[in-house]
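Paired with subunit B in one complex and with subunit C in the other, subunit A is shared by the two complexes that follow.
Let's look at the complex of A and B:
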């Protein structure tokens, strides 16, 4: 029989306001096994914890029930307290009488009754608790960063600078991401390439960093400290070790009419290409869908002109397997498609463009060498309308756009408007907005400058329709402040498209068993206190994959993710979770039900010899659980038809005892 | 598949072709449209005076009649459909209004918006299915560049009509694809043709109608289709120089039964 101590916390008035804590302590004193019961204002305080330690010693307690807040909050605290008192930490149970009781009930009698029931359930469970000892697993001292934009670059550099090897996997032929496509960066207006490309070079030259460009993660197995990852290096038909990036092949390639992704399709590139001059790695890639040699076996010009002999038309996709201790997700974002917003005539006119296209139009390395010219006729636009929140904050049209604010658009639109007025003072610029949201260091000052110094016309209201007519775009909009309908004949319209997570994020989350929200942004372990960790141990988040972010914020989060990774990789061993499944081999009938439902691949079947009562031996197929891989989710215990599978710390008989205590 | 059918006054007079092509095409697609007996004018416009009950009674009667047979109610005229759908929505959501109507009608059973209301296009898309329609097309209208003209009433108010996104619809474009032609997307496809303002200010209606036709032409359309008799009237009256026809006519043509209807 256990000797159980019950400790009821007031949590100031958080619990005591709705729960009669003294009555709870009194009632639980009568439960089987309980030898001591008390209440205190703050159980988690040093004094409260000392009270528990003293009681354990004084009453020879073997089990502890703390009636307090959610176990997510303080289970770890009280387990440490138990250990300090010489108890096994897994002899502690928490009855959540705050989040699941006092905070959701208003009346004292109801709150008290429920708190007593929850306490009884915890007592019933702790009566059946057994001491558990966690196992240990080694840590592979290497990190994987998925995504090579500014988030991935910064995380990789910070981890590598701490001395740990890092691999970056980037799906595009070069690292750099969205930031490489930008012209200037707010609020200081320094050129994006000038601050990004040195970092790209640092990555390329760092002896601890390997770049897998034009590659994808295809499989992730294992667990924190011990991930087994398969990386697909897509065939680029160019030997990376030989290519010098001279560009002769690009010049000679006859297939020049392929939309240039880097310039948002506003000009063309050849079938063999280097995305941009500062690409890292600066290696050519053949677009297999466009190359006549690969499609029809005719041409071969690039191979002929390549002095380094780097072209290899027979190259195949290559699969690389590598072990990692930690994984950082930095898959970034994309602007949403404008298909569902054709009231802005994006598909009907070339002169309706997105903001990212505008970045390319104003970038010196862009399709117009930085001159702001209309895509339709190459003329200089004299009247430009910017439309903000296209697809953002779309509460009434969630099936079209996104309910959330994309966060970066107000600032980059102010930047576009300001730069346009600065370079081309003869241009009239209008910005339509729902609200202007510019919190951030020097952000609002920046926006005010656009309005006050640069004379940008900010109009509160949305554009209803854009009609291309001749060579103008008829913009119909409402001015909500003066309550007027506006008709503007614009030469160019720029849509601030909402941003969404990259499409690769969802399948990646499945591979990593990392959770996502309904918008496919990765969920953090705690929205305030653990913002760069995913709830899945060993998986960290960097940049816009977790939510819309501008560059300063992305870089700080990237550094934070790196510090978490470094903290993990510094350890030689990791303590596991002892609350894992285990199979009673005598009861297992080898049906494989558990193996099929296990989301972590922790269960395997082996043939084992068993000694029978008649002294013969029999070989039977039985399940066994890898405790290092098992996450303790409990799926297998439910699926097992013979009751052989059980979860330590949450055994079937413990759960039933709790249910019985509640229903009694 | 059997539906109750509400043709509406205009379809018995000026817009006979909209009606005939609709019925014959439905037949060819294996849908039985059963005309409601003794139907009356839908009321013309869903008035904004919410306490006005009388103009909505004919819609309620038609809805109730269809409901009593366990059938959905199909209409094809944009204006009729708009009134019927909005009335049905009011019967579902506005208890005060529904009580008033039911008390006024004083029938044995009350009606609270139970009948499903379909526009003919919705019936094609959601009941027949555009893929099934495609298979039944014997005379695909290949090479025809067709501009769908929605007007205001077919899709708005968006949350009540629930047919398509009123600002960026696709139901008619998808229909055009299903009958083998090429849809032309143009900005003014859901702008107002001028509607009844044609009576008071013909010049304004002309301006509105011309903006629609010009925009469609500029995007390369060689024909405009619509579901609304008033829209068709305004566009043609104001000098459309490309054909403006009902979508049901093209449907019949694609199904190879146009001649049959005209005989």
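Let's look at the complex of A and C:
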């Protein structure tokens, strides 16, 4: 028989406001097995924990029930308390009388009654608890970073600087991501390339970092500390070890009319290309869809001019298998497609562009060498209209836009408007906004400078429609402050397109069994307290794959993710979760139901010899669980038709005892 | 009918929630009849929401809305201003004798180019 202590927490007035905690303690004292029961203001405080430790010693307790907040909040705290008192940590049960009781009820009698019932269920469960000991597994001391933008670069550098090897997998031919495409960065207006490219070089030169560019993760197996990952190195038809990045092949290639992705398709590149001058690795890549040698077997010019002999038309996709202890997701974002916003005429006029395209138009390495010229006729625009929130905060048009605020647009639009006025004072600049959101260090000051010092016209009101007419764009919008309709003949319109997670994120989340929200942003383990960890152990989040973020925020989150990874890789062994499934081989009928439902691939079937009651030997097919892989979700226990599968710590008989206690 | 009841009746009839409005003004920005109106679509939404409906009932703006539904199509929050305007218009013309159109008015509008549908829709909008 257990000797159980019950500890009812007030949580200040959080619980005590709607639950009569003394009555709960009194009622639970009468439950079978309970030898001690008390209440206290803050059970999780040092004094509260000491109260538990003293009670364990004084009353020889073998089990503990804490009636308090959700176990997600403080179960770990009270398990440590139990361990400090010399008990097995798994002899603690939490009755959640806050989130599931006091916070959802308004009246004291109802709250109290429910708290008592929840407490009784927990007591019934502890009566059947058995001490559990977690297993251990080793840690592979290498990290994988998926995505080579500023988020991935910063995370990789921080992990590598701590002495652990890191691999970066980047799907494009170069690392650098979106930041490499930017001209200047708010609010200090540093040139993006000047602060990013040194970091890219650091990555390339770091002896602990390997870059897999033009590569993708195709398979992830295993678990925290022991991931087995398959990386596909796509054929780039250039030997990376030989190519010097001289660019002779790029100059000679006759197939020059391919849209240049790096310049948002606003100019062309050759079939063999290096995305930009500071690319890392600075290695040419052949676009197989555009190269006549690969398509028709004719040409071969690049091979002839290559002094290093690096061109290899026979190169095939390569699959690399590697082990990692931790995985960081840094897959980033993209602007959404503007094709469905007919009212803004993006597909009808070349002079309606997105902000990222504007960024390339003003970038010295861009298609116009940094001169702000209209894409349609190469003339200097004298009247520019910026439209904010295109596709952001769009609750009614899921097929067009996104419900969330994209967060970065207010600031980069202020930057674009300010820089335009600075460089071309003869240009009239209008910004149409719904709200200007500038919460960040020196952000609002920056926006005000655009208005007060640079004379940017900020107009409250969304643009209604844009109609191309001759060589102007007729912009119709309502000025809500002066309650007037505006008709502006603009030369150039810039749309602040909403941003969305990269399309590769969803299949990657499936591979990693990491959860996502409805917008395909990765979900963090806790929105406030564990913002850089995925709920899946060993998977960490960096940058805009978790939610819209600007560069300062991305870099700080990247560092935070790195520190979590370092904390994991520092350990030689990981303590597992002892609450895993186990199969009673005598009852298992070998039906494979559990194997089919297991999301983690933790269950295998083996043929085993059994001694039968009549002293014969029989070979039977039975399930066995790999406790290191099992996450304790319990799917198998539900699927098992013969009741052979059971979950330690959440055994079928324990759950039935809880149900009985509630229904009594 | 008091202010609050009138607001609720109109919101119920329109089947849309003016509270969803984030005051972006895209409805007015897109409205082809803006210049004809005393109260513009975004004001309509706000005035219905705050129960300030009396001035709307007495305003010619009610009949200037073309019901083209450009605002409904483009509203990012699903407020659908044209439906609110229609609901207020019905409140005005459902009063006894408030018809804006009688069969006698029809011949004056008819010529070869007038689509029948226009007359049907005008009757729907301007009679009880």
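The rule we apply is simple: the second predicted complex is superposed on the first by the 661 of 664 C-alpha atoms of A that agree within 3 Å, B and C clash if a C-alpha of one lies under 4 Å from a C-alpha of the other, contacts with A are read in each partner's own complex, and residues count from 1 in each chain.
Quick note on the criterion: a residue touches a chain if its C-beta (ideal position, glycine included) is under 8 Å from a C-beta of that chain, and two chains touch if they have at least 3 such contacts.
Quick caveat: nothing in here was measured; it's all calculated off a predicted structure.
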Combined model on subunit A where subunit B meets subunit C, clash or fit: clash
Contacts of A:394 with subunit B and subunit C, given as first, second, both or neither: second
Partner chain in contact with A:461 - subunit B first, subunit C second, else both or neither: second
Partner chain(s) touched by A:469 [first = subunit B, second = subunit C, both, neither]: first
First, second, both or neither for A:343, with subunit B first and subunit C second: both
Partner chain(s) touched by A:478 [first = subunit B, second = subunit C, both, neither]: second
Among 26-34, 44-52, 116-124 or 170-178 on subunit B, the segment whose C-alpha atoms clash with subunit C after superposition: 44-52
Subunit B and subunit C footprints on subunit A, overlapping residues: 343, 397, 464-465
Of all residues in subunit A, those that touch subunit C in their complex: 343, 389, 393-397, 401, 434, 460-465, 476-478, 480, 483, 485
Residues of subunit B that touch subunit A when the two form their complex: 165, 167-168, 185-188, 191, 211, 214-215, 218-219
Subunit B-facing residues of subunit A, complex: 340-343, 345, 347-348, 397, 399-400, 464-470
For the subunit C and subunit A complex, residues of the former touching the latter: 20, 22-31, 34-35, 40, 42-43, 70, 74-78
